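Before any comments, here is the structure.
Just so it is clear, A, B, C, D and E label the chains in written order, and each chain counts residues from 1 on its own.
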Amino acid sequence: MTTGMIFAGSGAILFAMGVAGVLLPTHLLRKILAFNIMGSGAFLVLVGLGQRSGEPDPVPQAMVLTGIVVAVAATALALALARRLQRLTGRMELPPEAERD
Amino acid sequence: MTVNETLPLAVIASSLLPGLIIFVLPESQVGLRSALNLLGALTKVILVGVLLAGVHAGETYAFRYAVLPGIDIAFKADALALLFVTLSATLWLLTTIYAIGYLEGAPNRSRFFGFFSLCVTATMGIAMAGNLFTFFIFYELLTLSTYPLVVHRGTPAALSGGNVYLAYTLAGGALLLVGMAWLYGLLGQVEFVHGGVVSTLRPENRGQLQIIFLLLIAGVGVKAALVPLHGWLPQAMVAPAPVSALLHAVAVVKAGAFGIVRIVYEVYGVEFAQSLDLLTPLAVVAAITILWGSLRALFQDDLKKRLAFSTVSQASYIVLGVALFGPAGTIGGLTHLAHQGIMKITLFFCAGNFAETLGTHKVSEMNGSGHRMPATTVAFSIAALGMIGAPFTAGAVSKAWLSEGAEAAGMAWAVWVLAASSLLNAAYFLPILYRAWFRPASAAWPHEHILARGWRETAWLLLLPPLITATAVLAAAIFADSAWSPLSWARLIAQREYLNAAP
Amino acid sequence: MKRIAGAAVMLSAGILAMALVVSMFELPPPAVRLPQMVQEKLPQSGVEHPVTAVLLNFRGYDTLLEVAVLLLALLGMLAGERPRPAAPDRAPTDPVLPGLTRFLVPLMGLTAVYLLWAGAHRPGGAFQAAAVLAAAAVLLHLTDLLPAWTSLRLRLRTGLAGGLLVFITVAAWLLGEGRLLQYPVAHAGSLILFIEVALTISLGLILAGLFLFLPDDDERRR
Amino acid sequence: MTSAALDPLAWLILLPMFWATLAFVLGLGRGAWLAIIGIALQLGLALALAGRLLAGGVPVHPVGGWGAPLGIDLAVDGLAATMLLLTQAVALPLAVYARSYFTGDSSERRFFWPLVGFLLAAMNALFVSADLFNLYVTLELLGLAAVGLVAAGGKVGQTAAALRYLLSTLVGSGAYLLGVAMIYGAYGSVSLSTLAPLVDRQAPAAVHLAAGLMLVGLTVKTALFPFHFWLPPAHGGAPAPVSALLSALVVKASYYLILRLWLGILAPLLAPGAAIAWLAGLLGCGAILWGSFKAIGTPNLKMLVAYSTVAQIGYLFIVFPLLGRTSPGDAALQGSVLHAVAHALAKSAMFTAAGVLVKATGQETIDGLAGVATRLPLTLFAFALAGVTLMGLPPSAGFLAKWLLLGAAIGQGQWLLVAVIVAGGLLAAAYVFRVLRHAFLPAPVAVSSRPVPRMLEWVAFGLAASSVLLGLRGMEILRLLAAGGSS
Amino acid sequence: MGILFDLLLAFALLWSAWRAIALTDPASAVVQFIVFGLLMALAWARLRAPDIALAEAAIGAGLTGALLLDGLGTLRTGQRQRDEQHGSRP
């Protein structure tokens, strides 16, 4: 059991938790938060699994750096939209789906 | 590209191009539009004349273009194609003249004539299709281009009629598509070839081939209005009279019947179809359709509905002829393809004249219309008598050959069907003639639009076409033995393409 | 109904997690060993720190697209907003924080420069430097020393897009010499530094923008 | 300048990114001409690339000169070239349309051009990338650009739709990323060309899981039933040019990736007739039926078109159970690619036509269309022609696609698929003619018609006509698809 | 020793993530999330990825945390405004 494997395993669990967290709550802030946890899980798997022999691997590390920036970009956009929705509807929740039907 | 490749395309282009130009013409360009229409129709008739002479002399006209690996769009103008092409081209010319008169002052004429031309284009494609794939393409194009004509008036009745029309024809198209894709899977290409292409398959495909035949015939049977697939035809009667003429005589119903001819003779081959036990059921369906259509026609008061059910019945004469195994049946069926077209278009022209001139739509309103509109009523009478099969009319000729074919095929019951149908025809047509000629006119017509001027009982453009077609009804019988009559042409086809022996 | 759906989601998530973890422990060692390759080619990359080498040279193309992603997030954020009137000037509310900020911000600027420079040799680089710059801007804003951005002037737009423009231009220019983003070995180091400087400024602005452009800022504090 | 300087492969990515950034610098709402010229050049590049491929070349571009697995490779095969060509060819008329469509300082217009530029760059990058992680970045780029375009309206419906879209697409790409992470863990590389010989049927369970994660993630992004919930509000609520771009092109990008992985590195994992293939096929059937059903029921014109997209996506997935039994490059594959092409043209035509209709009548409902047949015949004709393609009627490209799919299904005796393919065409007819029928109704007396720029009508018509006429050029597409070896 | 620390850290990560997801009050969830981010930075350091640790601390926990807190602020204002309109709370 190496450091890499421990965190890769945790990453897998974090990912699953994150997915459930995006799907289940209705509050948008919590969904966005869960998405970040999901992303972190995937990043941990990427680096942890790549380094399960113990030696550091710069390739997945660089990928994760890219991934973190992408995640923050997505988070910012999602938050901005959620806040706009809050301003327009007074709630930070998605309106029911049949809204436009 | 050689001339022989170009000519079939030119025939198609002669209605396609005017149609496309007409679409973009402003509504007010009446003169230019009519000129384009007539120019296209005349060009087509001339081109068809050239083709006729060529085919008579033994030339072959074919064109092909690959759209998918192993799948071609193919045209061929053979004798059978030309029978249909000639009929449609000639009747299109007359219908165009009639429609110009009929729609004078009506709105959306650019749209109408544009789709009208597309419709004829599709018919030409159906007639000259060299394989099943090409046939299907134009068969569906015909569905699409007739829909706007059926709903042209935009009334709720027209729209619901259009719905029914679409539901039937698109579903039919889907069946045809499945059958066709299946057959292509078995054969690779399904060319229209004398004697059929299916017989090359091994016997274990017998069951599949029977199902495919069912799918194909059901597919084209919708347009041919075989019972029980005929429900759309009476509904589509809401369309303007020229459209009805087109549906019944020039394009749609004919396309269906023609499709059955191609499928039986050139896909399955008549002998192979017989060996698969497919022809007798087809004959039975045709017989049922003939009787059922005639029976229903008997109880229609609406003149156009009565004519519509009459079409249901008469179109199946063609199918019956095809299903009768033997040369005489073939000749009878093919001749009737042309003869029924001429007769039925006359009837619709006349019905349109009655409606447009006097506002009479019902049989019960027709009392004395023969005195008010003698020329129209004479034309109507000739065509109606033709339908009944009276001597010296086109109907008599084709019915005679059909009866002979039935006897030759050993299906004596079919003769009885024909006889019964003739009786029924008489039963629903003669009362109309009686009312028109021998009953006094009521005080006022329901809605008189066009007043009589001298002996010109209605607009010229409305009067001329039915008189010409009525004359043709007589001429086709009187000159039946001349070289260019439909009968002779049908004999040529039978002799050259199917049976290799003079009947 | 909702409870059943919730339980189903949790159950599937649990199964997924379990399957992932179990399968991970059965993996044989990988067939390809990229770390060695990185080490081999590191001298040609123009930088000494392997992560920076991967980020800006070996997989520099990922980074190019990533910068676009960041700009895009800002665009997406701004796209649906109505232009708002400029916020009125406000008096500083808290005397302590501004003072601290005045002290902190220059320090953060220095840190950013250090991180940027260090990236070539050791951990650090454009993204981290930009993040520090952005944090400084946010701090300034929170202490009312920097107003929220209400309009996109040309200078700001150029600043936001500049890093990407420089990156694209260099990529296109290098295409003439060989391949997309193929740095000549002799100039790789300086080219990468050049790109990093441009990126630091733009990314700092963009990251700050994600915060400073946020709507309703003033309304909230009223 | 060396010949590499003109490599269309690299320029197809750099060019749109460049003009997008430039358009942003130019200022709010600016950059229409920049975009149109840029896309026209891209179209030229895509044609050049296709020409190179047809001439027997196998264009590969190792970015940075490193080559896989250390660097990132860009590579083009017939499938990629087809998609590249399609994307530029559809984007160009849509750009022309959008220039006339947005008037004044509408909020949709402010960042429209930069967003479109990045969208196109992302798609082009996605089509040519041969690196799993790089593909992830392109997916995110594409997703954010698309969300930005949807959100640009700023109203409640659009914001909610954008957010729903964003969350779905993020979950999708998250799953994809985890799959990539597992693949990297298993093999130590994310390059497709390096992985191809390594992945075999005896691959460890983690690789199977990874494959499943990537495919599911991409399926969510493609909006396959039952993951379609985000699509109709996003596509139906956006301005017409945006709807057209999204429905015609963006959903195809993630589908393309599924196809690429399925036929490429994941192929050894998928036994013939694999359950997952059938799952995809059955969901495709579900999409066709459910999407059509909803389209027949909705009162809103653009929602109808959007639900039609849900249905048409189903056809793209029907192909998987058919692919399983035959070699790649067969009729089923050809059918699905042709369908993607035909649908792209037809759906962009339909959305642009719908945009004209909504603009002219000032109403979004189908009931509001009465009298349109007389007032806007060209647009209605465009809508109908696009409908012909969607119904799969000849001679359209949609018909050829359906013909190939149908032939494959019949050939393999898959009668369920045959039935759904045929039923889908009839259902499409039901919703298309629903629109046409209302358009043929006489106009109410008190209706006021707003003038619409003629350019909008002609673009819609041009797209629709090309979707039909392409049916006569099916051979060319298939030739390009087969060029450069199988995918 | 190292492994034990790793296990503890992993457990803490999972626990804080669980709390961040499961807490229904958004404000506590955000706080919990920032804790999660800092723990992540620690994990990256343990994975010998100092670059990511730096980025995670600055961008992940820092910027994202700030954005989330800011969003929380909006939420509060919105809540208060709504309450004032409806007069449901004194």
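The criterion applied here is as follows: a residue touches a chain if its C-beta (ideal position, glycine included) is under 8 Å from a C-beta of that chain, and two chains touch if they have at least 3 such contacts.
Given the structure is predicted, the values throughout are model-derived calculations rather than measurements.
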{"item": "Touching both chain A and chain B (chains)", "value": "D"}
{"item": "Chain-chain pair with the highest tally of contacting C-beta pairs", "value": "C-D"}
{"item": "Centroid-based (C-alpha) most distant chain relative to chain D", "value": "B"}
{"item": "Chain centroid nearest the full-protein CA centroid", "value": "D"}
{"item": "Most remote chain, CA-based centroid, reference being chain A", "value": "B"}
{"item": "Cα-centroid distance, chain B relative to chain C, in whole angstrom", "value": "72"}
{"item": "Centre-to-centre distance between chain D and chain C (centres being mean Cα positions), rounded to whole Å", "value": "30"}
{"item": "Averaged-CA centre spacing for the pair chain E and chain D, given as whole angstrom", "value": "37"}
{"item": "Whole-Å separation of chain centres (CA-atom averages), chain A against chain C", "value": "17"}
{"item": "Junction residues of chain C, two or more chains touched", "value": "20, 24, 27, 30, 34, 38, 51, 58-59, 62, 66, 69, 72-73, 76, 80-81, 127, 207, 210, 214, 216"}
{"item": "Junction residues of chain D, two or more chains touched", "value": "133, 137, 140, 144, 147-148, 151, 154, 159, 162, 178, 182, 184-185, 188"}
{"item": "Chain A: positions in contact with at least two other chains", "value": "8-9, 12-13, 15, 17-20, 23, 43, 45, 49-50, 52, 56, 61-63, 65-66, 69-70, 72-74, 76-77, 79, 81-84, 87"}
{"item": "Pairs of chains in contact (touch as defined earlier), listed by label", "value": "A-C, A-D, A-E, B-D, C-D, C-E"}
{"item": "Residue numbers on chain E that touch chain A, as the complex places them", "value": "2-3, 6-7, 10, 13-14, 17-18, 20-21, 24, 26, 29-30, 33, 36, 40, 43-44, 46-49, 51-52, 55-56, 59-60, 63-64, 67-68, 70-72, 74-75, 78, 81-82"}
{"item": "In the complex, chain A residues that touch chain E", "value": "1-4, 6-7, 9-10, 13-14, 17-18, 20-21, 25, 27, 29-30, 32-34, 36-37, 40, 43-44, 47-48, 51, 56, 61-62, 64-65, 68-69, 71-72, 75-76, 79, 82-83, 86-87, 90-92"}
{"item": "Interfacial residue positions of chain D with respect to chain C in the complex", "value": "1-2, 4-5, 7, 10-11, 14, 17-18, 21-22, 24-25, 27-28, 61-66, 69-72, 74, 107-108, 110-111, 114-115, 118, 121-122, 125, 133-134, 137-138, 140-141, 144-145, 147-149, 151-154, 158-159, 162, 178, 182, 184-189, 194, 198, 204-206, 208-209"}
{"item": "Chain C - residues contacting chain E, complex", "value": "51-52, 115, 122-125, 127-128, 131-132, 134-135, 138, 207, 210-211, 214, 216, 219-220"}
{"item": "Touching residues (chain side chain A, partner chain C) in the complex", "value": "5, 8-9, 12-13, 15-17, 19-20, 23-24, 45, 49-50, 52-53, 55-59, 61-63, 65-66, 69-70, 72-74, 76-77, 79-81, 83-84, 87"}
